[in-house]
Amino acid sequence: MDKPVTPPQSLFPAPPMAEQERMIEAILFASAEPQTLAQISARLPAGCDAAEALVHLRTRYQGRGVTLGRVGDGWAFRTAPDLGWLMQTERVETRKLSRAAIETLAIIAYHQPATRAEIEEIRGVAVSRGTIDQLLEMDWIRLGRRRMTPGRPVTFVVTEEFLDHFGLESARDLPGLKELREAGLLDARAMPGAPAPEEDDEDDSPRSGQSELFED
Amino acid sequence: MDKPVTPPQSLFPAPPMAEQERMIEAILFASAEPQTLAQISARLPAGCDAAEALVHLRTRYQGRGVTLGRVGDGWAFRTAPDLGWLMQTERVETRKLSRAAIETLAIIAYHQPATRAEIEEIRGVAVSRGTIDQLLEMDWIRLGRRRMTPGRPVTFVVTEEFLDHFGLESARDLPGLKELREAGLLDARAMPGAPAPEEDDEDDSPRSGQSELFED
Amino acid sequence: MSEDWDTQDSIIARREAEALIVDVDGFEGPLDLLLTLSRTQKVDLRRISVLDLAEQYLGFIERARSLRIELAADYLVMAAWLAFLKSRLLLPPDPTEEGPSGEELAAHLAWQLERLQAMRDVAARLMGRDQKGRDFFARGAPEALAVSRKTRFEASLIDLMRAYARLRTRDDFRPYAFDRSDIYPYEAALARLSALVPGASDWTSLQAWLPEGWRGVPARQRSAIASTFAATLELAKQGQIELRQSDTFAPLHLRRKSGQ
């Protein structure tokens, strides 16, 4: 039995090699950057032999789905080169949805089925074609039944995909204005002198776009 | 040797089990988020049995520095908890939760789906503004289905991220859940003389909350 | 009655009670206070004497009042309810009276306290668990070997609800501002007119040059007329068109400048 060599300054024996291997495995897994031998050693208890443990660990991962390899000066886990194709779909760029899109989406979710004109009334500005197209393309909204009013405008409703993304069981589970306010999601800081926000439900939309200020 | 069952529609035989294991290992190593069985399967060639391969993989990592665990519907590699002290560099300082927020979280977890009124009844005090907001923002709770009682209040349930954060395989594994249920402390008991709690008119959402998880 | 009880009370208990009063802001409501008071009974919550607890609570309220400490309304509501409960527990049951017995009410209160204590215990156990990012860690360098690049637009439920809340309360405090939806910009009018002018060999009313969808609705028409008129002035200045108006307020006509 060969005992790990303990430097004289340490009061405790170094952990067994298998344990040192575990430690390095965890460190390299959790690190955002490849770790050099010196960095690894500095994080291990006194008396550890990181170089030897790395050799063992590398052997252990040989032929596995991930391998332990050198990256520059450091060590890191990487996907086995032959499995790179599995990672192909992984690259997705995430961008925040524009304010126009999120507002349009919110109106559709709360008022569905909603026509384009209704969305514009609530937002008080025109809805660009691109915004609707984007939401349709994302599969968050879809066309609902045509409204039985003059012009038979198309309506929009939210999709299953939308519910799935936002973790909702149904669009009816969205909290109403009153509930939003109670949950502190809605800052009721009114302008000085402005009337207090009315306690309305999501159903009775006052539909008061600023545009009517200009109506004759 | 048992060969993996290949669905008849596939022209190619599924890769051997050891190879399936490698592929899943690569996929799960590459992702910081838990991946569901469906997500994993979608990336594997036709005919693979991801469920079985996961069992093998989990066994392989038992006692290692990194272990494979279940998180709700998903699977993820996480470092072994006993090695947390090695990871000071990676440690993220989480916002300190108020006592109210912690209690609210626990009530939602153990009573889910829970309405705001139920949280308030249990704590004997109003849920302060921002508490729910904070828990939603941390992605530890989400909206459940509305309760089918007068007023149709929104309900809250815990998320996969909550399970992942606290290392729980499912909400059934919450500490002490069984004892609480057996002691009747998760029952919806109304004050004697007060009108009985309204029964949901939808048969598939009983008010018993978590306790239903144990019903056979 | 509470004075008798006060004098019988040990000095230690009284000190504790006074400390409670000073700390009244530290309590999270009447149930929390009751739970704290119940600890002085030093028994299992299941065997708590609700009658004693009611006495303690009422004593607490009494002393807080004598010290002129403002208590929130729900503390007083609880005091009233406990006084009612106390009378139910002390008086022999009145057979003509309906409703639950004092014992039933007391049992329910004890159960509520037990439940609150239980939720606190499990909350502590929950927070004592190993936590991600503190005790165990996810992959630090998730790999994303890209071949296909796809833009995914991201929005959270909070974003969605906030957007809606913002929209629906905007009218409450939105400062006065021009709404741009019915504004036909000058640049658009100029671009449109410049493109159409080469075909305008005859005198045509300015009205006829207004874009589709901007006629009829007064607000929109007004804006379109204004910007189109401004555009005609610019084109006239550039020598591309001629303008003609037969009388004040008469319709304005324009055509391509001859020789252009």
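Lettered A, B and C in written order, each chain numbered from 1.
Basically, a residue touches a chain if its C-beta (ideal position, glycine included) is under 8 Å from a C-beta of that chain, and two chains touch if they have at least 3 such contacts.
Since this is a predicted model, take the numbers as computed values, not measurements.
Participant: Of the chains shown, whose Cα centre falls closest to the middle of all protein Cα atoms?
Facilitator: Centre-most chain by C-alpha means: A.
Participant: If we define chain centres by averaging CA atoms, which chain lands farthest from chain B? Would you check?
Facilitator: C
Participant: Counting in whole Å, what is the centre-to-centre distance of chain A and chain B, each centre being its mean C-alpha position?
Facilitator: 17
Participant: Taking the mean of the CA coordinates per chain, how far is chain A from chain C in Å?
Facilitator: About 22 Å separates the centre of chain A from that of chain C.
Participant: Determine the centre-to-centre distance between chain B and chain C, using the mean Cα coordinates as centres, and give it in whole Å.
Facilitator: 27
Participant: Show the residues in chain C shared as contacts by 2 or more other chains, in ascending order.
Facilitator: 137-140, 143-145, 157-158
Participant: Could you tell me which residues belong to chain A and also touch two or more other chains?
Facilitator: Those would be 26, 29-32, 79, 87, 89-90, 167-168, 174-175, 185.
Participant: Can you list the residues on chain B that touch chain C in the complex?
Facilitator: Listed in rising order, the residues of chain B that touch chain C are 29-33, 76-81, 84, 87, 90-92, 94, 97, 99-100, 102-103, 105-107, 109-110, 122-126, 133, 136-137, 142-143, 164-168, 174-177, 180, 183-185, 189, 191-193.
Participant: For chain C, which residues are in contact with chain B within the complex?
Facilitator: 28-32, 74, 99-100, 104-105, 107-108, 111-112, 114-116, 118-123, 125-127, 129-140, 142-145, 157-158
Participant: Enumerate the contact residues on chain B facing chain A in the complex.
Facilitator: 21-27, 29-31, 43, 63-66, 77, 79-80, 83, 86-87, 89-90, 116, 128-133, 142-146, 152-155, 159
Participant: Which residues of chain C touch chain A once you look at their complex with the stated criterion?
Facilitator: Residue positions touching the partner: 137-141, 143-175, 177, 179-182, 218-219, 222.
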